[in-house]
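The same subunit A turns up in both complexes below, where it pairs with subunit B and then with subunit C.
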Partner chain A sequence: MPENIKVNVHHVTRVEGHGNIVVDVRDGTLEKCELQIVETPRFFEAMLRGRPYQQASHITSRICGICAVGHATASLRATERALQVQLSEQTKLLRRLAFHGEILDSHILHVYMLVAPDFLGVGSVIPLATSHPDIVKRALRMKKFSGDLCQTIVGRHTHPIAMTVGGFTHFATVQELVELRERAEALIADVDATVELFGTLPWPAFERETEFIALVQPDDYGLIDGKIGSSDGYELELDDYRQVTNERLAPHSTAKHAAFNRDSYMVGALARYNLKHQHLSPRAKAAAAHLGLSAPCYRPYLNSAAQVVEIVHCIDDVIQVLDTLIERGIEREDPAPVTLSPHARGVGACDVPRGILFHEYQIGEDGLIEEANCVIPTGQNLANIDRDMRALVPSILTEPEEQITLKLEMLVRAYDPCISCSTHFLNVEFTGK
Partner chain B sequence: MDRHPTTLILGTGNPLMGDDAVGVIAVQRLREHPALPPGVDVVDGGTDGLGLIPLMEPYGRVILVDAVPMGLSPGAIRRFTWDDARLVGHGRSLSLHQTDLTDALILAETLGCLPPEVVFYGVQPHTMEWDQSLSPAVERALSPLIEALIAEVRSES
Partner chain C sequence: MSAKPKIAFFDFTSCEGCQLTVIDALQTHLGLLDLVEIVQFREAMSEKGQNYQIAFVEGSCTRKSDEARLLAIREQASAVVALGACAHLGGVNSMKNRWPIENVQTYVYGQNGKDAYESYPARPISAVIKVDAVIPGCPIDRHEFLRVVQMMLQGRTPRLPDYPLCVECKLRENACLNTLGILCLGPITRAGCEAICPSYGDGCEGCRGWHPEANFDYMREILRGHGLSDHEIDARFTMFNHYQMEQMSGHAPLSEAVAPVTDTSLPTSSFAAPKED
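Presenting the complex of A and B:
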């Protein structure tokens, strides 16, 4: 075994944002192993202070170009819970559709464009298009559907415009929903082919037992609202989220780290699968079995497999919700009213593609935001990624440095980190040889 | 997908980044232009990347309008084709600054779904910094740019 190893990936590729992986082994001892987050903080919370509550969802959707619907949804829920807004059933269903559109778009991009190239032996999606054009075309077809779904429901995918406090400002027609229903049904062949493809990939066997956190609801694989569930048996109200996240500074990261009862926890598709797999659609359950997932699963690389399972679930749920809406018809209803009161606080939470997301606002009687806090999934995963890397490295030290680097990069990518959002990230840096 | 015989004028760029907005502003003005012939779709592509592939695919001809640093004087307009762009080093030496757009075009070509005719109207930016207004030189280029685009689509439509 080599005595000294230095891995130094300065800016990890195929993740969103900038981060470095640094590993330093001296005299056979692992001295340093961390994911450094090097992006500048973005100060969205400070930006919200003093602004009217109606602007919050539109400003915070800009935190992320991928999870724009997710941030807008968490923001609206925080505002609505602060201002005692009761949502109509139609609003909940329409938001669920847009939310699924975004989960689909994000997961399809991640598993096909960012994860698959590692397993298919190509450096990026461009050579993948040469070696496996049908795979890339399928991914683009699926992505187009998810983008169009968002566009139909919320006006556009990136930075949704039609979602507002209490409801919607634009309504899709039943005819548009019928057309989406037909396209969703036609997409099932592509979804099945996706499960087949990812079922053939040699997922690394590495595992490390950890705590998983996700939103839980009694009878549903729900992604908006609910309670905060932990695989260690805890269940907390959304208002108590700070007891879970316990944000703290880490010297090597411009994004805060989080920890609940242990020194780290994991959020995202694998956490959701572990906590609520029983509520997946029958076809998604079959996909999980085909992909080798069984709960509890402690193999972080399989987070991407859990995303494939969620692609199946979301398509099934989209069809079901569309059926409900088509049967009910669409009512052009006004947004539900707000009740302003002094220093009203509200917490909104949803399980976005990368995991549980919290927004909390305090809104004054004048309707201006007095305080805001946003806790992003990637930030919550960072401590867990560091611990995974520290557990993984000693077991692969005898492998060539390129192999070590690749496995570390693949591990970080499996978490689908969104570094711009959390800096509030990726390069591997081996220091020591 | 079946191709339909229409033309797409696609303006791309970030309206918050100074002269990078030129493509987006040009398509906004083109939409209201009385001389715009039928059969031409005009779309603001913003800063989208891979999403542009399925958007462009159905068209026989795509005209991309964007700020392109070409080493010319600010506001200079250049018409070139995808073949020209690739010949000058796979798009890179033209610094289409929107690598996402370049990647999307390369990917579309690799997949065989790039429209048969891809034309660029590049405008040399003065600055691409945080700013919501165009530099005077690029502002002055808008009128001749729009006239050139109208002439381009009228010539064969």
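Presenting the complex of A and C:
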């Protein structure tokens, strides 16, 4: 066993962003273990100042190409809550479809292209295409569906076009919805096969108790709006989000760190599973059981398993929402009206693939944005990732350096950090001397 | 294997949406992998090859250290392609150029955090290195990406359309949004996306950049007709093209309201900044 370890993985690949993991062990003691964010920050909040509110969702979707619909949705909700906009039922249903399209796209990308190669022992999805062509083809079929779902509803996943304050600028036809419905139904075999595949993977056993935060609604696994729920037994209004996120600057990272009741908390699929598993579709519940999930689950590696469960749930929910819309028919509604008033504030929140996302704006009577704040999921997870790594490293110190590196990379990947958001992420740096 | 041209992807300040669009394009056109060998693509693979002929660069140059990386890429590659509006124009990143950099840094990271991260005004990569081809858009159009790659493999120079977006929009027989009360920058924007935004009922925001004959005065008149103030018009002109407008200032001056702020005082609001301990 090495006494001094130096892990230094620069630009950990296969997370959407850049970061470094730095581990420093001297004489068998862990001196330092942290996730460093190295990418340049982008300053979206500052840029929004003075912009017409109509531009906000289009600008902020460009925070992240993967969570583009999520940022647009949180942005629209913040604007709509500031400007007292009442949404129609149809708008809510259509937004839900686009949102699910993104969750599916992101989760499929993450579990198949980023997580599976680790377990199947290949460097990336490109050799995977040769070694396991059926798996890659299945992933591509599922991804194609989620992309087409977004395209039908909002024109494009990255970056959505037809979502606007108060509603939509384009409406899918019932015929298009019927076709999507058929394709979703046909995809269930692929979804089942996904659950099978991930059910066979040996998830590392590491666990650490922590606080989980997700959006909660009384009787739905809802991902847009709701209240802020904590596994430590709290429920807060969205307007009080700052009490939860409590952002502080960590010296080693460009993202701001967050802490609520403990010194860190976790957001994302596992947090959602822990807080609202009772509202999952029956098939998703069965998938969770098959994947070895039971609440409360404190194993961060299983965040990827919870994503698989959400793939199942989202497909089921997509089918249900499509049925509702097909039955109601689609009306070409004008966007709901806004009410401008001085210094109007609004908070928008949604649970995007990587966890709870907040946007808050203050909009002037002239319709120009005065203040803006965006709190991204990865930023909220950073402190928790640091603490997980610190708990994990001592237990694996006897393993070869490549193993330690792989396990740390896999841990960080399990959180699915999307660093383009705050900025970007990932490298492991073992710096012992 | 070795006969295939090697291509590599790099990202600077961006949302990575253009790289995702490339992944999407590869999904439907796997045949491309028979023609080229991808040696670097951080978003999709762990492997890193240093030997490549064509470099696709996503993102803007927003700090001093980006320059050295760009120069190294230029040194290695026989052709550099700007991938998307961030690399091509400065894109959304350049909206921050309106303020002195300390102002934006303080707004987002507070007094204590403002110096923690290196940053300077955003620029397109062509401000630092020679660029051989451009794939415009925010994000890029996947078909255009495939076309450009094919042309480059055949040794041809891809050319961008030099006419306004309205031409494509009319071909799609869309009703003109500007006549329906929805503002659209199609008349000054370079064509090539098949007018995707107007086709989904939303006005063009100019993500492909301006076409060479763009008439800004005419565009301003149309937008004034929608009841927009000069400030709002400039906000529209600068969503993707702030850097371009700065460069063109003699020909298309921005109004006071959006012109770079020269006041160097720092923001006092802590709306976005983290708590200071």
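FYI, the second predicted complex is superposed on the first by the 430 of 433 C-alpha atoms of A that agree within 3 Å, B and C clash if a C-alpha of one lies under 4 Å from a C-alpha of the other, contacts with A are read in each partner's own complex, and residues count from 1 in each chain.
Convention: a residue touches a chain if its C-beta (ideal position, glycine included) is under 8 Å from a C-beta of that chain, and two chains touch if they have at least 3 such contacts.
Bear in mind that the values here come from a model prediction, so they are computed numbers and not experimental data.
Following the overlay on subunit A, a clash is recorded for the pair subunit B and subunit C. Using the contact criterion defined above for the overlaid structures, shared-chain residue A:I66 touches subunit C, although it does not reach subunit B.
Touched residues of subunit A, counted separately for subunit B and subunit C, are more numerous for C. With both structures placed on the common chain, the touch criterion links A:K144 to subunit B and to subunit C.
Of the two partner chains placed around the shared chain by superposition, neither subunit B nor subunit C is touched by A:A186.
In the superposition on chain A, contact is made by A:G50 with subunit C only, not with subunit B. In the superposition on chain A, A:I126 makes contact with both subunit B and subunit C. Of the two partner chains, subunit C is the only one that A:T164 touches; subunit B does not reach it.
When the two complexes are laid over each other on chain A, subunit A has residues 65, 113, 125-126, 129, 140, 143-144, 147, 158 in contact with both subunit B and subunit C.
Of all the residues in subunit B, the ones that touch subunit A in their complex are 46-48, 50-51, 53-54, 103, 106-107, 110-113. By the touch rule above, subunit C contacts subunit A in their complex via residues 12-21, 24, 27-28, 30, 33, 38, 42-48, 62-63, 66, 91-93, 95-96, 98-99, 103-105, 107-110, 112-113, 116-119, 138-139, 182, 196-197, 199-202, 205, 231-232, 235-236, 239, 257-258, 269, 271-272, 274-275, 277.
By the touch criterion stated above, subunit A contacts subunit B in their complex at residues 65, 109, 113, 125-126, 129-130, 133, 136-137, 140-141, 143-144, 147, 158.
Listing the residues of subunit A that touch subunit C in their complex gives 11, 13-14, 16-18, 39-43, 45-47, 49-52, 55, 58-59, 62-66, 68, 113, 123-126, 129, 140, 143-144, 147, 154-156, 158-159, 161-162, 164, 168-170, 246-249, 251, 254, 256, 360, 362, 368, 371-374, 420, 423.
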